[in-house]
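Multiple structures follow.
One chain, chain A, appears in both complexes that follow, with chain B as partner in the first and chain C in the second.
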Partner chain A sequence: MDSASASFDSALIPEGVKRCKLKWFLLWIGILHGPVMVGVVATLMCWGLALNVTYLNNNFPFGLWIAADLGVIALGAGAFFTGFLRYILNIDELKNIVNFAVVIGIMCYAAAQAILGVDIGQPLRGWFIFWHANVHSMLTEVAFCITCYFMVLCIEYLPLILENRQINKIGFFHGMAHHLHEAMPTIAAIGVFLSFFHQGSLGGVPGVLYGRPFAFREGFLVWPWTFFLFILSAIAAGPCFTILITWITEKFARKRLVKRNVIDILARISGRLLVVYLVLKTIDTVYWVSIAGKVGAPFSSFYANHPYGYWVLVLELGILGVIPAIILLSTKARQNENLLVIACLLNCAGIFMNRWIMTVQTLVVPVMSFDKFVSYHPNWVEYASTLLYLWLGAIFISITYRYLPIFPQEKELNPL
Partner chain B sequence: MLRNARQAGLEPIIPSFQYSIIPWPRPGFSLCGILHLLSHQGGPGFSFGGIVQLLSRQGGPIAKRSEASFYEGVTMKEAHHKGHGKTYKYGMVVDLDKCTGCGACMVACMAENNLPFRKDNSDRLRSSLWMRVYKISNGLPFPDMEISYIPRPCQHCEGHGHHAATPCVSVCPACATDYSHETGIVSQIYTRCFGCRYCMAACPYHVRIFNWWDPTWPKGMEKYLNPDVSVRMRGVVEKCSFCYHRLQRARNKAYAEGRREIHEDEYQTACTQACPAGAITFGDLDNPEHKVYELKKSRYAFRLLEELGTNPKVYYVSTRDWVRKAGDVYTGKKGNDVMPA
Partner chain C sequence: MFPFIFDWVSDPVHYVFMGSVYTVLISLVIILHYCAIRAFLDVICKKGKGDHNHD
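This part shows the complex of A and B:
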């Protein structure tokens, strides 16, 4: 018997699928509220007591928050890139995962904006970035594109809400969902355009800092090379994050939700892009080493500050780059679910590591010869206020999964 | 934190005031405040606020009169952006062979510019200092050991070549910091800064500091604050302004006396005047009549991190090789023998 049929909310649950009992669902949501409360307290401390409650300081104006921001936006790239593959390159099988990619995208982009709201010293003035926009600043471009793209994601999410069993009964909403679906290629194209720009601009954020030889890069027109590397790394890691979250959702749901061939397409594309990225990133690193050395910043000086030694390079490009690339490229390895999940995990960790390096390590390397190295590590307030969005994301995904038909193959894979 | 500050006898100027969407120190929400904000946020570049100002023709007769007053034929805004009319390049030359590291410049700067401090101000990474004196050594054992002190205000970078913009100015997303082509001074608009700290990441000199706390002073000391300098609220970035308010004061005086030029000694920064050794000289780097004009040409003159292309307006002079090496390159290209003291 469909255990949900007896539930109070069974009328809202998509037809032909099984969900756990409402009490278990509420218990799960209740448990998630524990860490959420810790995160809320941390956030309120930042707003109420000012940012002295963190471990940030004048040498480290950027820390975990900005690294996490860049990281989640890169991981959220799965949304626009899957949309690009599905609607623009017409890879039809991906229709079975594109909805969920949008859900993950919303979670990531909402998190990024919320984290920025805590990170800035005067949150009530956040709108100045739009009002007094400096068109030469990469951060301005990021702010505009992220906000616009978040709206695009919400529009992409809207038809999913309208497809809820009860809402869909209303003719107007049914029609609206239909029209939105028809307009989806256009909406996806807008999303792709915006995403390319803000993913790139995020790379430009460290890349234009010509006072910081570790991060600064020359480039093409107004865009430093990091602009392009960030786009590439985001589209290489984003699909892996989508696979990872899908896998976790399947584990919690205790059933398959997406067919393996669909996952395999994403994994394969991700693997190939990762290889291209690794090659270009290596060229960029080698080239920059030679340039920076000439103007007085020997390569060794970038890695002379414990704990930011050469192991950082080995970890980022080797363990978190080459290993997942090998797994994702091999058809046989991809078929092995455990290996695939490990590859996705490493790939996502690699992108996070890269964003940390490009923000925090950039600030670690002393520039003046008489400057001393100081270390930074985040404190619990920073961790809790960042992880808050992981828990909120889990709640968001749980509710979406329970009430909206986001996995078109679920019925077929799990006949009642 | 606030409670601790109170216990320590340190009182915030306006204790309840923490965030502001209107120019400080007017607490609370008000429509007037918002209109004020829209119309008075004078600043560089493109801005919706500027458009509103243009449309509403705000600014008032006083602002108009003083804008038109000092510059013939051009408004202050035009002079600021394009450097129309007469331009100046205010800068500093610091003789490191004279500097004794006494710190008088730091203290004078704090008093002049209303820098807040806490009971325990020893955390170098979070304390507020616009002028910081670094101590460096040649790293040799006694008796060859030598010490030098490097006073470091904002370098008021101009940028050049590929980097035609000031590092911190080009990155600020809200146009809250600006390079004046008319004076060569890099300004900071506290009421516009929203504390993203991108400019801090961009500045290689660690000049910019963030207000991690609400500003506090020991009880009674708020009566000694400089009325010419606005006090900064929590959550915004601040930095050395070359005592810009002194330039404004000097100009007002000149205007009142019917002059268009100010003399060298009419505009001097607080640190320059406070230095007992006379190590700091300040003036217009482009004006042959000012002392800095010749001093900066010394064969012993250098600037910090010249190779990055920041093009600073603070020059240092030292006859000691190792001191120059420590300053004009980074990460030890020529200065491997330089050790932080």
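This part shows the complex of A and C:
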């Protein structure tokens, strides 16, 4: 590595913080490009050879991609919810993590949109949903809200770029970053409005399937109960994902980046919301069991198809729901870093499991007497093209962490 | 999608749906322009970096 490159790199690194040498950073980015290339090949196969290279079929038009889409959107809720807590409810301590929550949000929403770009098979026709909008469809609302919210996230990310050490020297960009910070409560409020509707509408999609008793729910006005359960589960899991990624970043950076009291606030709020969600979800499940039996779809029929037995319910609500809720509610358990990380991991896995159940298991359960049970397992093309965004997200976070001042407490916690 | 070209449907649902979308988009554009104009005026008035203090 020549000295010119190294000095150019060090001039871009925020003042008062230490980063690894440029050669190690480039090696790390290079390593990540390996799995990225596998994902790119898988994506090109989907576009070039059509979706028959996947295991999606007429029984399962919704598979891994849609479950992952719903999952990352729920995990990305940490961005809007942390913004809501910081700018609308004025929880001042969260200013130390809200920037990173935005970075994670961008990563999640970019992934969701890119996965959809593969899933629709013909991305060149992706604009149809905007131009020929079916305003009665919840998915149309989701498409509009996700697109607009991604714009909001980019605007929230903009002041971080403008605060880069070199860019910030230019007076206009310095002033622009300052005024964007001032406008952030309004931008956050728009983000909350958009997120509320698209998180809910993603839950509304299975909830209005009246031909599928496993997923169908009654509700309030035009919104099935799943609409509200999806919002609640997203804001319960989103902050945990922010904590988890912060912890991973700290492990890679080998230093503390955020004070424990900030993490504790997010974990406590997440735990309380998770308990409310679990109570409402249990009530919904019990009510649904009693209603479904009366319309000729006994509870046992929902869990009669291997591998979707009763264990699914126990795992989703018990192991991935109750256990993290207990840990997150206990002050003593929260202060134990290992337990906190396990709780966050279980909570995030729980949200993925819930989204998988609401999309894939909904399609698994036969609804007609002549229907046969058909199972679905994603193939490598689906896995590789989905995991692609995990590797790209790691690259995005690495570059952002290296060059932008995203952790206001880093200097104080790690004096040079 | 736009009120001035084809495929625009004039019914209450479209007004609410598209109205919300355009409200959000117009709000974002106004916020960005407001910040850019304020920053430009700061440069014109030579407001120093020390005058900007935020978390």
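Going forward, the second predicted complex is superposed on the first by the 408 of 416 C-alpha atoms of A that agree within 3 Å, B and C clash if a C-alpha of one lies under 4 Å from a C-alpha of the other, contacts with A are read in each partner's own complex, and residues count from 1 in each chain.
FYI, contacts are C-beta pairs under 8 Å (C-beta built on N, C-alpha and C of every residue); 3 or more make two chains touch, one makes a residue touch a chain.
Quantities reported herein were computed from a predicted structural model and do not represent experimental measurements.
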| item | value |
| --- | --- |
| First, second, both or neither for A:136, with chain B first and chain C second | both |
| Chain touching more of chain A, residue-wise (chain B, chain C) | B |
| Touching partner for A:183 - first (chain B), second (chain C), both, neither | second |
| First (chain B), second (chain C), both or neither touched by A:148 | second |
| Partner chain(s) touched by A:408 [first = chain B, second = chain C, both, neither] | second |
| First (chain B), second (chain C), both or neither touched by A:59 | first |
| Contacts of A:193 with chain B and chain C, given as first, second, both or neither | second |
| Those residues of chain A which chain B touches in one complex and chain C touches in the other | 130-133, 135-136, 140 |
| Chain A-touching residues of chain B, taken from the complex the two chains share | 1-2, 18-21, 41, 43-49, 123, 125-126, 134, 136, 150, 162-163, 165, 167, 170-176, 192-198, 200-206, 208-214, 233-237, 304-305, 307-310, 325-327, 329-335, 338, 340-341 |
| Parts of chain A lying in touch with chain C, wherever the complex brings them together | 95, 130-133, 135-136, 140-141, 144, 148, 151-152, 155, 171-176, 178-183, 186-187, 190, 193-194, 408 |
| Parts of chain A lying in touch with chain B, wherever the complex brings them together | 48-53, 56-62, 116, 119-126, 128-140, 143, 205-206, 208-213, 218, 295-298, 301, 359, 362-363, 365-372, 374 |
| Of chain C, residues touching chain A in the complex | 1, 7, 13-14, 17-18, 21, 24-25, 27-28, 31-32, 34-36, 38-40, 42-43, 47, 49, 52, 54-55 |
